[in-house]
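Each of the next two complexes has chain A plus one other chain: chain B in the first, chain C in the second.
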Partner chain A sequence: MAAAAATTGAAPAGDKVDWRLATPLGLTYLVFFAAPFLILLGISFYADAEQTRLGLDSWLKFYTDRFYLKVIWDTLKLGIFAVIATTLLAYPLALVYRAASPTWQRVLLFIILMPLLTSVVIRTFAWIVILAREGVVNQTLMGLGLTATPLNLLQTELGLVIALTQIEMPLMLLPLLTIMNQMDQNLVDASRALGASKWRTFFRVILPLTLPGWIAGATLVFASATTAFISQSVIGGARLVYLPSLIWQQSMVVYNWPFAAVASLTLLFTVLAGIMALSWLGRFARTT
Partner chain B sequence: MSQRSTPADVSFNLTVGAIAIVAILILIGPVLIVIATSFTTTQALRFPPPGLSLRWYGELFDPVRSAPIHTAALNSVWVAGWATVIGSVLSVLAALAITRVARPSARALEASFLSPLVLPTLSYGLAALMFFSVMGIRPSLNLLIAGHLVVIAPFVFRTTLASLTQLDPALLEASANLGASRFYSFRRITLPLIAPGIAAGAFLAFIASMDNVPVSLFLSTARTSMLPIRMWGMMESTLDVRIAAIAGVLIVATLVLMVVMDRLTGLTRRMSA
Partner chain C sequence: MASPSTPAVPAAQPLTLDGVTHSYGTGLAVDNVTLEVKGGELVALLGPSGCGKTTLLRIVAGFIQQTNGKVVIGDRPIDELPPNRREIGIVFQNYALFPHMTVAENIAYGLAARGESRAVQAERVKEMLATVRMEGFAERKPRQLSGGQQQRVALARALAIRPRILLLDEPFAALDKNLRLDMQIEIKRLQRQFALTAIMVTHDQDEAMSIADRIAVMSHGHIEQLGAPAEIYDDPATLFVNNFIGSSNLLKGAVEAVDGSEARIALACGATWTVPARGRFEPGAPVLVSVRPEQMMLADAAAPDRIPVDLKLSLPIGGALIYDVAAPGGEQLKIAVPRRPGMAASAPGTAHAALAPHARPALFPVA
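Now for the complex of A and B:
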C-alpha cells in the first residue's frame, strides 16, 4: 500500500503506465480503420474492373470525364447550400434560445434534439410525404390556389436542399447554442449602450464572437450533407447523381472496384478540402 | 431593456422571430407528420390521413408478414449493443490515457480518435468492404460490429474526455496520499464521477449505430440485413406505410430512452454545453 502510494504520488499525471491504456483503441483503429483506407488506396491503382493490371487508368478516367467532374462539383455545391440554409435558419433560432427563459430553453433544446435522435432514414421518409405530388406542400399550395398543377419537388435539387436543411440543422444548432451561452452579455450590452442598433450589434459583435461555434457546426453540416447517401438517392432520385450514389453504384451494381475506390477517395478529399477551407476561414477571421 | 426601440430594432426582432418560427416548424413538422401518417387507414401516404386506425402497426407486428423487418431490427439492436459495449470500454481506456497529457503526440492521437466523426463514413464503408474481402473474411454480424465500432467509438471518447477534464485532480491526489492504489482510486473516485459522461456518450453511440447507413450499406448482406438498409429498400420499391409505423415505434422508443438518459446523465445539458 505504502509503495503504491509512493509511486502514485511521485508519478505525474499522464505517466508511462497511463499511455498503454490507449493501445487497445489505437490498435483497433489501425486494423479496422487505417488498414482499410490503405487497401482502398491500393485498389484505386488497378487499371481494370477485374483487377488484373496496375495503372492510373481509373484515376485518369474519373478526372478527365466532364460527367464525373460535374458530380464532384454538384456534391460540393450541395454541401455549400446545406451550410448556407442551416446558417440562415439556425442563427435566429439560436438568438431566440439565448433570450428565452430557462423553461423555454429546455423546450427549445428538446425540439432541436428530437430530429437529431430520429433516424436519418425516417427524416428522409418524412420529406417524401411532404414533398410528393400529393404531399403536404402541394396540397397547401393548390388549396390556396397558388398553383393549379402539383409542383415536382421530389428529384429536384431544391427539394433535396430543403430536406437536408431539416436533417442537418441540429448539427449546426448545437455548437451555436453552446457558444452563445458562453458569450459575454456585457459586450452585447455595451454595444447597445453605445447606440448601435440590434442589426449592427449582431453583425459587429455577436457574429464575430460566435464564429468558432459556426465553424464547428458548418464543418459537421458540410461533412454530413455531402455524404447523406439515403437522402440523396431517395429524394434526389436517379436523375441527380452525387459522389455517394456514384460510389455505391460503381461498387455494388457495376462491380468496378478500382473506379469506386477513386470516387470514394475523391469524396474523402472533397470533405477534407471543405473542412480545411472552413478552419482556414476561422483562422483568417480571428486575425482580422 | 430600457432603451427605446428604434425602427431598426423592431425590424431585427421581427426578422429573427419570424425565421426562428420557420426553423422550429421545419425541425419538428416532419416528425409530427410521419407520426400522424402512421395512423392512417389507407394504403396511400396522405397527410392529413383520411381516417385513423392502428392498421399499419398491426401489419408491422405481424410475425409472418413482417418477419424480414423483425430480423433486421434484431440484427441492428445486436450490432449496436455489442459495438457500443466494446467501443465504450476501449474509448474510456483511451480517454484515461490521453487526458491531461499536454504532449503534441497526445493531441494528435485525440484528433485521430475523433476523426471518424467528420471523415465521410461512406468512404470508410467501402474501404471496410474491400479490406474484409481482400482478407478473405466472409460477411457476418461480427464484421458489422467491427465496422460500426470504429465509427461510433468517438462519441464515447469525446464525452468521457470532457468529463475527465472537469475532474478535480486534487481528489485523486488526496486518494493517493491516503494510501489508495491507482486502481482503487479509479474505481472509487474517477469512475463514479465520469460515469454520467460515459453513459451519455454510450447512448449517442448506440443511436448512431442503430441509425448507421454508410457502413451497413457495404457490410450487410441479405443474410445479415440491418434495419435502416431494409427501410431504404422499402422506400425505393413501394412506399409501404409500415415505414411510418416503424418510424412511430422508433420515435417513441428514442423519446423514452432520451427522457431516462436525461434524468440519469443530464444528456440534453451535456449536448449543448
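Now for the complex of A and C:
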C-alpha cells in the first residue's frame, strides 16, 4: 500500500502525549546533571587551584599548552579510529546477519551480545593477557616466525584501538543490525536486476539506506571510546594520556579543580563535536 | 505521449523454461516446470500462495538458482548469468522504488549502472517519463507519489534499460480497485509498445484474465493447465483449476453410460444429465460434475434432467440475479441468471434447477 511506502515515523495526529510523563526523569536530570554542570562551569572560571580568585587562567593555560592540545587531538583520534574499525568490521557482519535464517540470526545476536554480559574491567584485563609482551598474540607471531622480538602492543594506540573495537562492537552492531534487517530485500533485488553489481548495490542502495543505523552506532562508539576511562588507563597506561585520565589526574591527584573542570568541559565539547559531525554527515549523505 | 518515431524495438525474444525444478530443503517449490513463452506474449502464472509461482519468477530473474532445469531467452541459456547481467525488467509488488532517490534518479539507476553518459541518462529519463505520462514528476521523491504513480515510475525504471523480458510480481495487488483497470490497460499498452515477452505472477484470476494472453494455473509447484483465459474458464483440465477459477457448483454422481464424447450421468440429487466427457470414464464410475452458476437456470416444471431444489435466497446483484438453492442431498448450489429491468427477487419456495442452453458442465473422476 501507499502507506507502507511512506515510511515517516510521525506520531499519530490528535493524540497528544501528556508531557508530565517526563517529569520524573526531567527532575532527576535537573538535580543530578544540569545543576552539577552549572557548578562545573562556575568552577572552571576560578584562576587558581585553591579557588580564591576568578579569571580565565585555567582556560588559557589549557588551550595554549601544546601538551593539552595534543591530549584533545589524541582523544578525538581515538574516537575516530574506534568508529572506523568498528564500521569496517560491523558492515560485513551486518550483511551476513541480514542474509542469515532466523535461527542463525539468534545465534549471531547471542554471540554479539555475549561481551556485554561481562564487565568492561574484565574484558579490558583480558586484552592485557592477549596483547602483553608474553601474550597470546606475540607468542603466536613469534611461534610462526613472523617476528623475532615481541611487538609492543600494550600502552600503544594500536593496542588500545584493537581492544576498544572489541569492547565497543555491540554498540555499533545493534543499531546497524536492526536497520539492516528492516531494509526491503526487493530494493536490493531491484538494484541487481537493473544491472548494478554487488558493490554498486552496496554503495548506492544498502549504505545510504542503513546510514541512520550507522550514525546511531557510530555516535555510541565515538562517545564511549573517547570517554572509556578504564580501557584507556589500563591498556594505554601512563604513556598515553587522554582527556578522561587527565581529568582524573587533575581532580584526584593534583587537586586542581578549575583545571579539571576545563578538561571535563573540553571532553564534553569533543564528544558533542563528534556527534554533531556524524549527524551532519547523515543529512549530507541522504540528500545526495 | 511517446512519439511513434521511437527507435525500432528489436524483435521480442521467447522465454523458455525447460524442466525447471527447485527444492527448499526437503520440499519441492517448483516441480519440473516446462513453459514456453512466445516472443511478445504475456503469460500469467496464477495460483494460490505457496504454489511456486513467485519462486519461478525469482528463478527467471536470477535471485534464486534453480536445483535443476534451464531458463533460456531466445536461444541463449541464462542460468550462469547473475541477475545484473540478465537484462530483465522487474516490477515488484511494492514497486521497490529507491526511497532516497528522486523519480529521475530511480529511472536513471539502471543506465548509470551500465555506464551510460549523463546526457544519455537524462534523455532516456525524459523519454520514459513521457512514456508513462509522468512528466513533471522527475524531481519528486517516491514517498510523494500515489500508488498508481509509483507503479508508473517502477515501470519506467524497469523499461529504461530496454529489457528483453518483463517480469511483473503481483503488479496490481497494492492498488485501489478503481485504479487497477487503468494500470492493467497501461501495462498491456507498454508491453505491446516495447514488444516485451512478459511473465506476470498473480493470485488474482481477474487480473490474469484481463491482461494475459495465456494463463498457467499452478498448484504445488507444477502447472495444472496452460491455456488462453477463456479456455481455462470454459474447459478446466483438472478439478483444481475448476475450483480455483471462477465459481462453480460441484455435484456428485455416477456414470451411467458413455456414448462417444458424451456421458450420461446419474446425479446423486436425482436428475440425469448428459455432459461432454473428456478422457476415459467407465460406466458405474463415481464422478463430480461441475457447472458454472451462469450455466444454470431455474424452471417451474419438473423433468428428468432437472433437480428439484429448495430456493432459499435470491439476491439481485446489479445485472444478475443470484439464487441460493439446496438440492435434496443437502448440496448448496448457486445459480446466476441475467436480470431484466423490473425483475425482483423471488420468494423462497420450491423450484427446479436445470442446465441453461449451451451449458458445458465439466466432468471429473473421483479419486
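In this section, the second predicted complex is superposed on the first by the 266 of 288 C-alpha atoms of A that agree within 3 Å, B and C clash if a C-alpha of one lies under 4 Å from a C-alpha of the other, contacts with A are read in each partner's own complex, and residues count from 1 in each chain.
Here is the rule we go by: a contact is a pair of C-beta atoms (placed from the backbone, for glycine too) under 8 Å apart; a residue touches a chain by one contact, two chains touch by 3 or more.
The structure displayed is predicted, hence computed values, not measured ones.
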Chain B versus chain C as contact partner of A:R192, first or second or both or neither: both
Which superposed partner A:D184 touches (first chain B, second chain C, both, neither): second
Touching partner for A:A223 - first (chain B), second (chain C), both, neither: first
Which of chain B and chain C A:F32 touches, first, second, both or neither: first
Partner chain in contact with A:P24 - chain B first, chain C second, else both or neither: first
Partner chain in contact with A:V205 - chain B first, chain C second, else both or neither: second
Partner chain in contact with A:P115 - chain B first, chain C second, else both or neither: first
Which partner reaches more residues of chain A (counting touched residues only), chain B or chain C: B
Doubly contacted chain A residues - partners chain C and chain B: 1-2, 4-5, 8, 192-193, 197
Touching residues (chain side chain C, partner chain A) in the complex: 61-63, 82-90, 92-100, 109-110, 113-114, 142-143, 146-147, 150, 157-158, 161, 174
Chain A - residues contacting chain C, complex: 1-2, 4-8, 184, 186-187, 189-197, 200, 204-205, 208-209, 286
Footprint of chain B on chain A - complex, ascending: 1-2, 4-5, 8-9, 13-14, 17-22, 24-26, 28-29, 32-33, 35-37, 39-40, 43, 88-90, 92-93, 95-96, 106, 108-115, 117-130, 132, 134-136, 139, 165-166, 169-170, 174, 177-178, 181, 192-193, 197-199, 202, 219-220, 223, 226-227, 229-230, 233-234, 244, 247-248, 251-252, 257, 260-261, 264-265, 267-268, 271-272, 275
Residue ranges of chain B in contact with chain A within the complex: 1, 3, 6, 8-9, 11-13, 15-17, 19-20, 22-24, 26-31, 33-34, 37, 44-47, 90-91, 93-94, 96-103, 106, 109, 112-113, 116-124, 126-131, 134, 146-147, 149-150, 153, 157, 169, 172-173, 176-182, 185, 207, 210-211, 213-214, 217-218, 228, 231-232, 235-236, 239, 243-244, 246-247, 250-251, 254-255, 258, 268, 271-273
